[in-house]
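To start, the structure itself, in structure tokens.
We call the chains A, B, C and D, going by the order they appear; numbering starts again at 1 in every chain.
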Amino acid sequence: MDLSFTPEQEAYRARAREWLLENIPKGWGTPEFEMPRTEEEMGKFKREWDRKLYEGGYAGISWPKEYGGQGLTHVEEIIFDEEAGKLNAPSGVNVLGKLLLGPTLLQFGSEEQKKRFLPPLLRGDEVWCQGFSEPNAGSDLAALQTRAELDGDEWVINGQKVWTSYAHHSDWCFVLARTDQEAPKHKGISFFLVPMDSPGVSVRPLVQLNENRDFNEVFFDNVRIPKENVVGGVNNGWKVAMGTLGFERGTLALGRQVRFQNEFNELVKLASEKRLADGTLAIDNPYYRQKMVEVFNEIKILRFHGLKTISQLLNEGKLGPESSLQKLFWTTMHVELGEVAMEVLGEEAPYWGVESVGRGKMQDIYYTSRGATIYAGSTQIQKNIIAEMILGMPK
Amino acid sequence: MFFGFTEEEKMVQKSVRNMLEKHCQTEDVRKFMEEQTVSNKIKELFGNQGLLGILEPNGEEVTGVTYAILIAQEAGRALLPYPLLENVAGLYALKTCKQHGDLIEKVEAGNEMLTIAWRPESAEAFATEDGYSLSGKLCEVPFAADADQIIASVRISGKGNTPQEEETVVVISKDHPSVSLRKLPGTDETYPIYDVAINNYPLSNANIVKGIGMGTGHQLMNKVKQLGALLAASEMVGSSERALYDTVEYTKERKQFGVVIAKFQALKHMAAEMYLKVESAKSAVEYAAWALESGDPEAELSVSIAKSYASSAAKKVTGDAIQMQGGIGFTWENDMHLFFKRATRTAFLYGDSYTHNEKIAKAAIDAIAGASSAAK
Amino acid sequence: MDLSFTPEQEAYRARAREWLLENIPKGWGTPEFEMPRTEEEMGKFKREWDRKLYEGGYAGISWPKEYGGQGLTHVEEIIFDEEAGKLNAPSGVNVLGKLLLGPTLLQFGSEEQKKRFLPPLLRGDEVWCQGFSEPNAGSDLAALQTRAELDGDEWVINGQKVWTSYAHHSDWCFVLARTDQEAPKHKGISFFLVPMDSPGVSVRPLVQLNENRDFNEVFFDNVRIPKENVVGGVNNGWKVAMGTLGFERGTLALGRQVRFQNEFNELVKLASEKRLADGTLAIDNPYYRQKMVEVFNEIKILRFHGLKTISQLLNEGKLGPESSLQKLFWTTMHVELGEVAMEVLGEEAPYWGVESVGRGKMQDIYYTSRGATIYAGSTQIQKNIIAEMILGMPK
Amino acid sequence: MFFGFTEEEKMVQKSVRNMLEKHCQTEDVRKFMEEQTVSNKIKELFGNQGLLGILEPNGEEVTGVTYAILIAQEAGRALLPYPLLENVAGLYALKTCKQHGDLIEKVEAGNEMLTIAWRPESAEAFATEDGYSLSGKLCEVPFAADADQIIASVRISGKGNTPQEEETVVVISKDHPSVSLRKLPGTDETYPIYDVAINNYPLSNANIVKGIGMGTGHQLMNKVKQLGALLAASEMVGSSERALYDTVEYTKERKQFGVVIAKFQALKHMAAEMYLKVESAKSAVEYAAWALESGDPEAELSVSIAKSYASSAAKKVTGDAIQMQGGIGFTWENDMHLFFKRATRTAFLYGDSYTHNEKIAKAAIDAIAGASSAAK
């Protein structure tokens, strides 16, 4: 057991922090900062940040240098994520490219694919989105109906995807489509790389309950792509996709954890100013105090889980089904954080304003946390996975 | 012993439900969310039906509470964008005073609209030559922009030895130049809330509903708040019941893994727990209605139990409804978020669970402890 | 809506209370009371109480006079239960006879059966136990394997029952046994009345985790009973049993509720004496206070549910699947009561003594409440019933 | 960065598990429950393996904590009826003082047995001609009847300006005539607890472990309590993990409705939630072990997080295990209640969740609030 960082790693941390302090846009995170107003401007702003990260040497930190990465380890990656989290640094627009497609290509892609796609991805020149879910294939992803048929040297794709984050900012989409109608449902799927500017691709934004507009429906109408844009072999897409989803559930844990800790700190700040009906402060009231600590403990434990995951990745090179545990844990905890925060706000919970202490942050957590228990494998699916894959309970 | 509703009560509930199913579909609610103006149709319907004046003061008792909770339940079910609670409880307040006959008539007919300042922050009136001059801030006033009259409990300086004695219930015109509004941004756009600032509003005797140095203003406002909390609880029963049943229907149609998802035991058990909460909140609301109506000594306690339980239940049920519907439940297009947001707002206003629980603790727990220590 | 009692009912309540005060054994409920020491003595003590109730006119309150009952309504029954609960009156040994067999015979029994069995049941002369569950038929009751075969004028019963409360004190047992091996599993079952002193009946006590010895295994080895001891017709036993279980889940609500309220009052008493580490009393601490009120609210709501049930019984003459709701509600609430009580006790929770304030009562709730979520249809089964029978979700 | 165990650590854990699987089956535990005497075999085994003295003081750091939590986890898994925690933490305490070499040797060899008074109520010593005379009450002393020596933190009157400064850690002989025991009735008969009354026990310098007016006694006891809380948390991880896995195996065999009950989604989801809790408690314990071992500034905080979380988790997991096993799980014959009762006791002793949470609040929450108000 050694959870300390080496002096070299600590030096890396210091450099990362310094770089972040210099490069995070001035005023970011303060009420004075002028946020981009339209979705389009927001996309540009985030892509700008992706480019800065690349220039600073903080894109693809653990990816091989030959593909534009930094050739360092996951430790440097989490160190950077932690520091970025502490400063609430902006997030880029190429999240899915870096988090999902990159690792997928590194594991399943051909040499040509890695060389072609990874460097522009890291540079922020090519932003990616994920075309997995469909209206009738949510939890039951393998029921997907989008189909791809080979026509000469090209695949012709038809179908509809949904919950496609950042599709409206993306240059490329990685898409699961059925390539063998006759095969059992898990066996006839392939993993495609599709340019978003192909004729026949159209995007319709989906507004979420928290009024975010990150999600989209994407329609493919006779979209033609080159034959070689398949990752991991034709009809082998399910295996590739399962790898991809493992990345989604497992990594990024520590950066996320730091951001939760920041949110928690804001809640404590609120509680230390919130006066209850009896004139005392919420933070001094044992009821709110115990509830807050219960959440605090889970945020801390999330960090321990994260360190364990990283350690496993470093020492064994891969993650197992315990990534489901991680996802189940943080999504549940985040819902609790939102609920406790609203309780602390009490009669002020349902509304907010620019002049209010929380500036709507707590309400945002309360509503937004309800999405994470659904997307990327719902709570119910994660529990099925744990029961079946880890505990060996039969299907 | 009869824990249920008469045919007449059921008929009234049914007619309100039919009316709202016709005139207050979620498209209508969404239209309100954009325009933020109460539809004339809704005002007219409630005016025509004569439902708003259903509560009548009768000494310590209040008649009509059973009807009122059934109507409020339907308002919740329909996500009604109209201050039903405030008009029903407000008319009750006006009826405790003889001089507001004209206003009562107008409001009952749907020609004027009331609202109530549930949390007057610091409104105080000082004597002037002609009467009093009122200034200060009223918090959490629903639909203030659309309302014609605001009922509030304010202090009249010097008219009592304690702030409580000074408390006086008044009704003031929202359109007076001394009154200004600020909409509070919130997530429940079906029930907008305002802060109201008052700067030298001239109060005359005609504005008085109850009080002036007798402590009766405080008593009345306390009763009005009980009615508000109970009707709010009943609203939540309606909105969470609909969220549950709509979601159960969805699970019977939505297929995953080759079967309708209603077959999955995990979803069945979630639905069963939601049902348990809805029915329990409903029993609590119904009991409290009877208690208020019959002047039961535990009436106030029962209202707090109903509001506290229904608040927790409604947040949980409407939140779980989103979860059960999955990705689609998290979209703006789907109606579930409207129920979740409405339940959340109603849960925290009219006294949140902590506040009502503490009232219950003072009334019941401390009494038990006191009785046991007295018995020693 | 009318939840008040008539002057006549209030007079009945006053008489019942007076009778109870006179007849509850002196010292009962105080530390000085000498409790029966052995299971056998306990059985005698409880049967004595059953006889007293009969003599006082408080047995079978709502049953017809012709079968030994009082010919009153369910309202008088709940009034008596409430008053008995308030005084923590002893419970009798013939609980299952009164609660389950009586109503079952009244609904499904022949005139001869009612005349033969109901009066001695009420008098306390014939105590009943319930032979439903089997080692391999718990939640799946219809999987029972005990069989009865007709041999001339007698049924011959073979098999094993389990969780048979009070079998060691009982004179009779009502038993479900399979009478048609070929029929679908719900269709070949009959409901029998079996004397416990028949040759071939043997009883083995089962100790529960709370060290109670109320439960037993009962073995039937070629037990012969008269042909006419079937209730509701041969092969119709499933329907009869479902009626019986409805009684189990629905009634007795108000007497039970009052006893929970008593337990809660004891908890409050403890909390008003329990000093926390910071020197304050637990009852003044908002954390424990809010938790206690949450339980208090549920105890109150249990009463409202109970009143509704009784009202339905009075006005419609029967109960529906909402009895599942009632059972789910009170068992869950009781577990919470036990947990909150232990939290209030804190470091003193795991042990107790005669000199301690709670005298082990809170620990008893904590452990005993874990049984009620299992027996008489587990929490999981009740949720299935609610989802399927009330919400119409498919099997 | 290595969050895991070395081969050697894993081997030690495995060997303890094998040893206890052989010599501490639940029949053995049940035998102890009747006889209430620690088996010589168990004493001998722990003595022979040299496991008890695994902790060593090293300035602010403590070496061997990782080994210790793994051994404690196995003790929990086996429901070990032996005061492992008290001997491991007690030896640590003795090792901070030079004069207890003989006793340390005997305890390490399994020839004498220690226990610790976790909650000295009112024990105070007064100066006499030859030294001090100790009287008072020690609460919650596990296995006091079987133990030879009791470690306790007591006040030596006049040796400091505050009660805290007066605190002194002493080791006293249980068999001295001034010491009398009273067993506290409890539900966890695998780990008996006693109140110890002391009436003029003659304390000499030979009894002192740490303290006498320096406040170092308080510091040592604080560290010993941290070790106790952490090992207790690890014990609970072991017992709840076994309750979970044994129950999951049972559901794979038990059939109802024609299928093994492990196929029911409601039970699968219960099991998944139990697994989540066990793994989370485990991570918290492991992290805290590292923090204590490496002298991390958040070590004490991490111990409190581990004990608080593990306590809630273990009660829930072992309680749910009974529910999953159904009727059979509620019988005395079935082992589940042993796990439930052990988890319940361990959860409430060594500081319950409320107490540790309040410590966390003082250390962390108030610090966050202070930092933010200082920043203004």
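One rule holds in what follows: a residue touches a chain if its C-beta (ideal position, glycine included) is under 8 Å from a C-beta of that chain, and two chains touch if they have at least 3 such contacts.
This one's a predicted model, so the numbers in the text were calculated from it and none came from an experiment.
For the interfaces C-D and A-D, the C-beta contact count is higher for A-D. Centroid distances built from C-alpha atoms place C farthest away from subunit A.
One inter-chain figure worth recording: subunit A and subunit C are separated by 53 Å, centre to centre, where each centre is the mean of the chain's CA atoms.
Look at where the CA atoms of subunit A average out and do the same for subunit B: the two points lie 40 Å apart.
Subunit C has residues 286-287, 289-290, 380, 383 in contact with two or more other chains.
Touching two or more other chains at once are residues 264-269, 354, 358 of subunit B.
Residues 1-5, 9, 75, 264-265, 268-269, 271-272, 283, 286, 289-290, 292-294, 296-298, 300-301, 304-305, 307-308, 310-312, 314-315, 322, 325, 328-329, 380, 382-384, 386-388, 390-395 of subunit A are the ones that touch subunit D when the two sit in their complex. Across the interface of their complex, subunit D is touched by residues 133, 136, 138-140, 143, 162-163, 206-209, 211, 215, 277, 287, 335, 339, 342-343, 345-353, 360, 363, 366-367, 370-371, 373-375, 378-380, 383 of subunit C. Residues of subunit D that touch subunit A in their complex: 1-5, 66, 245, 248, 251-252, 260, 262-263, 265, 267-269, 271-273, 275-276, 279-280, 283-284, 286-287, 289-290, 293-294, 302, 305, 308-309, 354, 357-358, 360-361, 364-366, 368-369, 372-373. Interface of subunit B with subunit A (complex): residues 119, 140, 184-188, 193, 255-258, 264, 266-267, 315, 319, 322-323, 326-327, 329-334, 336-337, 340-341, 344-345, 348-349, 351-355, 358. Put simply, subunit D touches subunit B in their complex at residues 264-266, 269.
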